[in-house]
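These are the structures in question, set out in turn.
Next come two complexes built around chain A: one with chain B, the other with chain C.
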Partner chain A sequence: MNHALLVTKNIGRRKLRTVLLLIAIFIAFLLFGALESFLQGFNAGQNSAAADRLVTVNKINFTVPLPISYVDRIRDLPGITHATSQSFFGGFYQDPKNFLLMFATDPQAYLQVYPKIVLPPEQRTAWLNDRRGIAVGRIVANKNHWKIGDHIPISSSIFSRADGSHSWDFNLDAIINLPEDSQRESVVLMHHKYFDETVTFARDTTSMIVFTTASPKLNDSIEKQVDAMFANSPYETSTDTAAAFNKAFVAQVGNIALIVTLVVSTAFAAILLIVGNTMVMAIRERTREIGVLKTLGFSGPVISAQILAESMLLALFGAALGLGTAWLALAATRRYLEALIPGVHMTGAILAAGLGWAIVLGLVTGAVPAWSGLRLRIVSALGRR
Partner chain B sequence: MSDFSFQLRKVSKRFVKGKETITIFDNLDLDIPAQDYVAIMGPSGSGKTTLLNVLGGIDQVTSGEVLFNGQRVDTLNEGQLSRWRAANVGFIFQFYNLMPVLTAAQNVELPLLLTKLGSKDRRRHVATALDLVGLGDRSKHYPREMSGGQQQRVAIARAIVSDPKVLLCDEPTGDLDRTTADEVLEILALLNREHSKTVIVVTHDPEAANHAKRTLHLNKGIFVERTKLA
Partner chain C sequence: MATFGRQSIAIAGMNIRSIPQRLWMSLSTVVAIALVVAVLLSFLAMANGFRKAQASAGAADIAILMRDGASSEINSVASRDQAALVGEMTGVARAGGKPLISAELFVIVDGTSRSNGLRGNLPLRGITPTGIALRHGIRITEGRVFQPGTNELVVGRAVVREFVGFEVGKTLRLGQSTWTVVGVFEDGGTVRESELWADAGVVQSAFDRQNFFQTIRVRLTSPAALPALKAAVAADPRVQLLAQSEADYFAEQAKASGGLIQALGWPLAIIMAIGALAGALNTMYSSVATRGTEIATLRAIGFGGFPTFVGTLAEALFLSVVGGLVGVVAASLIFQGFSAKTLSANFTQVIFTFQVTPGLCVTALILATVVGLIGGFFPAIRAARLPIVGMLGDQ
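Let's turn to the complex of A and B:
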């Protein structure tokens, strides 16, 4: 036997209570793991946005288009290296529920604005030269079981064709592999020219213009320059960094970070009270035994360390179960989740934060009973006075 | 080194309860030689358990000196007292006070967790202690699976496993039938006689007192009678 066995024996003395406690901790950390992973997904756009990349949209909001001619006017400004249009297509495959993050763009310019996208030469050539070609992110291709050379019908929930249909035929020419940028791996890109010649409205317009600057230091002045250039026109603009744009985009859904913080905090506060209260009761039940241990020569600090070890073990075990289950659930559903929220997965940082919170939970819930154990007088514990 | 296990010099113990000060004993002197077997008797509230607590270092005196082998123990702090108890004193309680989640062997092993003995040596010591109390074959049994007498014998094994010089017993037969009580008292006598333990027993049981070498009667905080048995 050793001190560790004594700790585990004490944890297991009331099995139902221990199981209920573990379930409570499990739920808290399941929520923590899952919600933090979703938050990570929502923030993926901000995290992967290059510092020198800016986005211009209509000043009213990004659903109101801008003239496509703005692309060239922006590109011609000093300090701007590349610029491309990006028109939201509102595409879906087979079922409107199978939503695609699809844009019409100028392929050549797009690859210049996103230089980290490196396509195999034959795929790149095929896409650039095929007006009906699409480049598809790896996540989308995997989800829909698409492969190079496939002919894919994609419908739009926004646009219609001159013949009244909502369906376009595409050739899958390229697959985007960029593991560090899950957003890029979740997009479908079509030629703007094909878009422009087939849609019944919104021709010669774009939803947004994405461009790069020679240096992030120029961002502030270029933002002002661009917006000043189109001020007092029918299509005034609002320019921001890509990171800020993504953040504002996510904020339209709601303050995700605040929601996550509130849900997790509430769960943790409830668990803290439950576990703390139960630990206090569990130790109070063992007052006499603690008195006996002290009589045998176990010092106050040793008793306190054992009590803290009990609460830590419970917290860490429950947290490991919760985080592990969240990880498994996210991994199992990642294919579907990433199509909706690119980048949703449990990172090492989330896992480490979860375990950190488990240690805090263990320390806080064990603190009061450990202190009681430390201060407990043997004579009082044995009920001798 | 002194020939005395314990020496009490003008020891007083008082409690303040509200506005009232209750004196348990006052200016008590007591010598308990090494290897003595002493029974302390007296009516309820006479202070005999408090005296045992003071001897075991689990209660503080109000004034006076408590010496063990010539060294003062009443001035030790909590940590020093813990170490002193672990090294020198074994406790036996009326209600055994075994850990219900541990087997007999694990209960006996508890005091050895505070020593530097390895697990193999600890198991050897535990087996020896359980054999001495006649429970070598019950080492894997939990307290709930044993009778009161067997539990008390496990408690005795726990008290002696680290080879302390003194055994302090608080009503060790108080919860046992006569036959079982006699078996327990025989073990205590054996430990005193053949293993040189100083045994101090607080009891209401005249039979328990008969096994002791001498009996001290404590009443209202003073020894009113000292009987030396043959």
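Let's turn to the complex of A and C:
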């Protein structure tokens, strides 16, 4: 008789029980897949940041401005390849709740600091030459149904115009497509010159300076060099890698990683108990049968292997259902989700980790019954009712 | 009916007393339900703690005036001239002939978080003694208030707890100025305990914002005077500000994030509850299966089908309530008073503590009971319908 057939027959003998166990496993892996993908989205900023990119902000806090002249002074340091200003604009579209990740920047320099952004030549030219032009990330454009050539009124929650209004008119000149860097697909970029001309305060300042180094190996010494250059000036600086800066910012939202870990381990602990105990019980019910199989010549290791295969099959099938459903749900709601947390998606690493946990679950829940199957003596098995 | 009742109680008692025979299966259900309840309760306690920290900070007899269109203090701008005009308006309470008004500066400075060593945004409020008096529950727990005109800070209790270097006597460098912490204050756990306070004029010059403020607070002659003040503000074109009660302002702030936490907690708990429900059904079906002979025997000696149903349901409810209680106790022990922080609409860290309340515990227990009810219902139907002859003859 085929071993695989015995395993599947055993799984199918109490269908209701199998279905219930699958539901429990499915739920745990659904949570695992969905929550880990969210966490991935939260950490996207620190994971996708190029290793040679650094950020300089005011030492007091990144909301305190720096003189715009610092950009040139930083760019002139040896080992630094490109540098750009990046000022928070506090922009929103129509409703203050529809807040935009909007910066005023020097477009030419920005594209040098983020060389992976490749704009179609005509969009690039249009944006560089249009003082009122904005370049917009794909996610923002989709969310607000914007397209190239649109005239878009954007308000600022921080700045006001000399005439007292809070609204600016922009031309959408370029759309940024960069799937590997969801942050870049979420920004709105305006010309710093236009910003400087129109705001009533904060002229000739920037909130942060982003720059690239010739090699990540230089990062440490350049960080120190930049901060030393401005030490004891009215505007002292703090320089960090872009990854570290993003990490500190995300950490302010809360310890999302801890919450995800707690919820996922809770769900796993619950299924471990439920499935583990049920497996023990299921094998105990089959004691006499196992005795019969052993009488027929099935060896202890073969019996154990069959039991482990059963628990493994259950775990893998439930996990595949859970991870698959999480993947489908994320894909179906992607448009909505990425506007909230750019970069939410199930990576291969999450999938692999999920399958790894499924194997652990299958092994652990099958271990005790497999051991008793191995040890079971025919005489006592057949004698037991 | 009386027989039904007596029989039901007898069977329920028998089932519950025999749980130790099915110890491991029963325990897995209890633990699974306990975990679900603990997750739900911790999210509810987090949302509640955040909401309380914000909502209880606001008073109805304080009005806060911000730039038209600003939704939080950091986005508002107000000038000294505007403050002078507001001070003369109707509805503003006075003491010794002077209006009870506080024009405040709100800037953000870095602190280093104790929990992860990373930099976090802390609000530094430039304020005056009158401004401090406009806050009802403030109590200095250590040291003293800053001396006007000096680089002295008084800091909220929560800041000392969550951030490095804010104990009394410690110094802090902000730009080119050095500040000394001279006192710690307490405000019943509100969001104010996440703030640093210093003399308004000193903060203005340190941050190069002479004559500019973020917000203006006034004590109203009574909460009922708010509409009059609003009307006066609207009538004066020189004052481009909007007035609202401090209570309303904080309620609005609380809604933003508190709602989000809660919106996450419930779906998570319900999804997990479905998993626990599968476990409970499994346990109860196997309980009915192992008790098959016993149930058939009871039926044979005259017990009815309905009491059998009730007995099984009672067992499931017992397990779920025990699980629920374990979850509630565990979550309360672990999370009550647990200190956490998140980013507020002001772009600064709001420090709050998880607040478990009896009402939230009851909510969490209801979820456990629902899992028990559904998890017991279907197996109980099977128990009531077990064929007597078949079960007795089976062995």
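Quick notes on this structure:
Keep in mind that, in the parts below, the second predicted complex is superposed on the first by the 373 of 385 C-alpha atoms of A that agree within 3 Å, B and C clash if a C-alpha of one lies under 4 Å from a C-alpha of the other, contacts with A are read in each partner's own complex, and residues count from 1 in each chain.
To be clear about the criterion, a contact is a pair of C-beta atoms (placed from the backbone, for glycine too) under 8 Å apart; a residue touches a chain by one contact, two chains touch by 3 or more.
Quick caveat, the model's predicted, so the values are computed rather than measured.
Contact with chain B, but none with chain C, is seen for A:Glu289 once the two complexes are overlaid on the shared chain. In the superposition on chain A, A:Val263 makes contact with chain C only, not with chain B.
When the two structures are aligned on the shared chain, A:Ile154 is found in touch with neither chain B nor chain C. With both structures placed on the common chain, the touch criterion links A:Ile271 to chain C but leaves chain B unconnected. By the touch criterion defined above, A:Ile68 reaches neither chain B nor chain C. The larger set of touched chain A residues comes from C, when the choice is between chain B and chain C.
On chain A, the surface patch touched by chain B in one complex and by chain C in the other comprises residues 385.
Residues 1-3, 5-6, 9-10, 12-13, 288-289, 292-302, 378-379, 382, 384-385 of chain A are the ones that touch chain B when the two sit in their complex. Those residues of chain B whose C-beta lies close enough to touch chain A in the complex are 15, 49-50, 53, 56, 58-59, 78-79, 82-83, 85-87, 91, 93, 97, 99-102, 105-106, 109-111, 113-114, 119, 122, 158. Considering their complex, residues 24-25, 27-29, 31-32, 35-36, 38-39, 42, 69-71, 74-75, 77, 107-110, 113, 115-116, 118-121, 174-176, 207, 240, 268, 271-272, 274-276, 278-279, 281-282, 285-286, 340-343, 347, 349, 395 of chain C touch chain A.
Against chain C, in their complex, chain A makes its touches with residues 16-17, 20-21, 23-24, 26-28, 30-31, 58-61, 63-64, 90, 96, 155, 157-158, 160, 164, 166, 232, 234-236, 238, 247-248, 251-255, 262-263, 266-267, 269-271, 273-274, 276-278, 280-281, 385.
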